[in-house]
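After this come two complexes, each holding chain A, first together with chain B and then together with chain C.
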Partner chain A sequence: MPATKFSPSITSRPVYPGLVSRGAAPSLMVADAEGAEALIDLVERDPAVLDAAHIVYVPAGAPFGARLSALGARLCHEAPSLSAALPRIRAALAEARMGFQLYLAGTEGLIGRVAAEAVSAGLPLDAIQSEHRGSIARRMQCVHCKGITEDVATDPFVCAHCGLTLFVRDHYSRRLGAFQGVCVDAETPGIVPASQEIRP
Partner chain B sequence: MTIRFNEETFRDDYTFYNSPQAIRRFPFPFDRDDYMYSVNMEPHAGGPEGSVFERRFDVDEHYVAEMRDRAITLDEDPLRCQSLPHMELAGWDLLELIMTCKAEDYPDLFELRRDGDQWHWINRPLGIEQRFTFLDAGTLPHGPMEYITRQTQGDFAVLDQREGNLWMDAGMVTSQADWSLDFDIGMNFFEWHAPVPKAHEMGIFQRALKFLMNVQQGAPSRRLNWTMTVNPRLDTSPENYHKWGPEKRELTPENVGAKQYLRVELQSFWRLPRSNALAFPIRCYLIALEDLVSVPKWGRRLHRVLRDLPDELAEYKGFAVNRPLIVDYLARFDDGAPTSPGIYPD
Partner chain C sequence: MTALTLRVAAKEPLTPLVTRFRFEHPEGARLPLFSGGAHVVVEMTDGNQLRRNAYSLISDPNDGSGYEIAVRREDAGRGGSRFMHGRVAAGDLIRVGAPVNLFSLDLRARKHLMIAGGIGVTPFLAQIRQLDRLGQPYELRYAARSRAEAAGLRLLPRSPRVHVHISDEGGRMDLGGLLAGQPLGTHVYTCGPEGLIAAVEETAARLRWPRAALHSEAFLAPPPGRPFTVRLARSGITIEVGPHESLLEAIEAAGVDAPWLCRGGACGQCETAVLSCRGEIEHHDHWLDAGDRASRTKIMPCVSRFAGEELILDR
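Moving on to the complex of A and B:
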């Protein structure tokens, strides 16, 4: 699956320009599902990128685990979920030195969550690269209850925490790693537009 | 100069009102009969006697009630006041700025005595007397920004300046025109303005950012911004949109004059001395249409501005659904006579 092309949007909406090798600098590579293919493509373009790489992969049912571990990175860890992998990711970020690179590939939820962890750990923005592959489902913060709903594929959707029906905005917080969801029937309770699939 | 503070509410029974003097000094935001975005900055260096521009941090008849309303909002949602860890020094800068300005501009209401870093603050309207050590947060009941902005009308964004941009890294936001500090904290100037239509393409934000990054100590600037709000509600936050949203649909031709308010923000911009941060107070003034039209020039002009406003702006400002009702009401106060330049009553 090739890198996703998103339609133009507002300036807070993140863009994912694609991964570019920064050579053999120590790095952490985090991917989920089809994001593995972005890492495989990156290594194909510049094998040196693997020399000091630590890969964390969340397959989410995708079949790329074996190919990824066969690449020969310094470390390659497969995790059952991103939440399960976060302690390991935080530890790697806490040890990062000047020049450390973070490569993120896969869904917006994964990219957003790990990028937010990295920024709060003090990694500069220009050390974080990303490439979108796979599902275009979004990670949404409910502006009302503050709960995060993962993998939102429709607009509007129901907040997994407070149950309000929320519309999907393009306004995005890097600190939260999430888009903003706002009550769609606030002015006319109960009148909710038909749910549509989110498009890139 | 003595101010009688109104006994009033900004929620539930909405007993808010403007006295005749408050109507007369209302900061009407339109200096002509049409409106489009602009970087409408001017020096914040006083203004006509009695106007809201006269003093650096205007204190008016709504002060005590607004502070009570802020406390209620903060009790319900403490995330309305946040400060990223590197912003504490800017909070002290802001506290010093407000305390010194208020003590100088309203000596009968506020008093500040300083002996080195031992400070003694007296706020008579709110009945507060506080001795504390400047730059020692442990000596105040809240962080410095929260402490002083619980005693100052208007929302406050405190912006860090770095990497050629301004970053919204702290704020006290309880009377906002539908934006979330909790969501926007940490964003840069372009990111937090991202949802505003048209203005990016017009280059407004690039020019505004350049201007703001060059604001100097002792030379604050100001501008007016505006929107429309049903009922005199300060907390028109996205957090509570599902609670106040239904009120927007309660307008009728009979009640529009009393329930529909013009909401004006007096925004000012202050360079802070120690942190080099930029303080950005956003002071909200509300006026019911039926009070506004008591100034004939304002009734005529608001009718023309709202009638001719581009749809996108009415949509963004959240009153597109009520625009026909509002324009019909205001048309009754527009006899087609020419209006004089400037914002003040004739």
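Moving on to the complex of A and C:
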């Protein structure tokens, strides 16, 4: 699956310009599902990028695990979910020194969450690159109850925490790595537009 | 520029080449506070020549009782530092501009790494006091050729955060090792000779440091040079620039108002359009890029000079 092209939106909506090798600098590469293909393409363009790389992969049912580990990175780990991988990611960031590079590939939820972890660990934004691949489902925060609903694929959607019907906004919180969901029928209770699939 | 008339409260030689000056308000009034890295422009009236040189403030930014600077005597310079050393005495009145900061700390940094070469230590002396007050982590690396020349030794606090490298004693700084070992969120600040700044930039680029984490200030004094003639089109006059004055000083001496801020080729404030140039502009600034220079349509009069037949400025 090629890199996703998103339609133009507000300037604060994150964009994912694609991964560019920063050479043999120590790095962490985190991908989920089809994001693996972005890492494979990156290594094909510049094999040196693997010299001091640590790969963490969340397959989410995708079949790329064997190809990723065959790349021959210094460290390559698979995890059943991003939450399960976070302690390993945090440990890698805690050891990192300036010059460290973070390559993120896959869904917006993964990119946003890991980028937020990295920024809170002090990694400069310029050291974080990302490429969107695979599902365009979003990680949404309900602005009312603050609960996070993962993998939201329709607009509007029902908050998994408070049950309000939320409109999917392009407004994004870097700190949370999540888009904002706003009650769709606050002024007209019960009048909810038909739910549609989210488009890129 | 708002300038204050201050009294020279102290003048103390630190090394054979570097002298510390302290300025206070003649009536004891408080001076405006500043932030670490700020400089002041000192006015020196030498006969009918008015020189203005910029010096980093080395005193505590939060102390309004006086301003302190450290001046290195540049015997090959235009004469400003020689004037300060030889002709300014304690008790004299002197005009000092309000502090301006073109080399401020990025207080979002998790750690501040400061690399000083020689007299380039001066802005850091104020910055470390600011950081001590804020409780922010820093590490200062001070490199000097010899102990006798190292004025910083007299000015820096004894602290585990301050490291001194004397190259005569084989204590050269290992930039590669230093920059490779910094925690995430470190910003690096370099002040000193251009060679040191370039070496830090190259090493940081090789180690893939983001550019936004790099800061530098070259202490650039207007170089002396051969005299030349300039036509100021808007003012309708032609002026001569002497060997020991800058183009900006010559423009000011002719009574023409011209903008400036750093007087060291760094801030961009003095940029002036070139209407005609038959000859070579000697660009000494850090402001214009290669394209600007190639187009020969801009000049920074605070540091740059000219050699050739005709230079006409839009001034």
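Criterion: the second predicted complex is superposed on the first by the 200 of 200 C-alpha atoms of A that agree within 3 Å, B and C clash if a C-alpha of one lies under 4 Å from a C-alpha of the other, contacts with A are read in each partner's own complex, and residues count from 1 in each chain.
Methods note: a contact is a pair of C-beta atoms (placed from the backbone, for glycine too) under 8 Å apart; a residue touches a chain by one contact, two chains touch by 3 or more.
None of the values given here were measured: they were computed from a predicted structure.
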- [ ] After lining both complexes up on chain A, report clash or fit for chain B versus chain C.
- [x] fit
TODO: From the overlay on chain A, compute the angle at chain A's CA centre subtended by chain B and chain C, rounding to the nearest 10 degrees.
DONE: 60
Open item on the list: I'd like to know which partner A:199 touches here: chain B for first, chain C for second, both or neither.
Closed with: neither
- [ ] In the overlay, answer first, second, both or neither for which of chain B and chain C A:10 touches.
- [x] first
Open item on the list: I'd like to know which partner A:126 touches here: chain B for first, chain C for second, both or neither.
Closed with: second
Open item on the list: With both complexes overlaid on chain A, does A:146 touch chain B (first), chain C (second), both or neither?
Closed with: first
- [ ] Using the superposition on chain A described above, determine whether A:99 touches chain B (first), chain C (second), both, or neither.
- [x] second
Task: Which of chain B and chain C A:164 touches, first, second, both or neither - done: first
Task: Partner, of chain C and chain B, that touches more residues belonging to chain A - done: B
TODO: State the minimum pairwise Cα distance, in Å, between chain B and chain C in the overlaid complexes.
DONE: 6
Open item on the list: Show me the chain A residues, by the header's touch rule, that chain B contacts in one structure and chain C contacts in the other.
Closed with: none
Open item on the list: Using the touch definition from the top, list the residues of chain A that touch chain C in their complex.
Closed with: 22-23, 25, 93, 96-101, 121-127
Task: chain A - residues contacting chain B, complex - done: 10-13, 141, 143-144, 146, 164, 169-176, 180, 182-183, 186-189
- [ ] Under the touch definition given earlier, write down the residues of chain B that touch chain A in their complex.
- [x] 79, 180, 182-187, 190-195, 200, 238-242, 245-246, 248-249, 321
- [ ] Please give the residue numbers of chain C that touch chain A in the complex, ascending.
- [x] 110, 179-186, 207-213
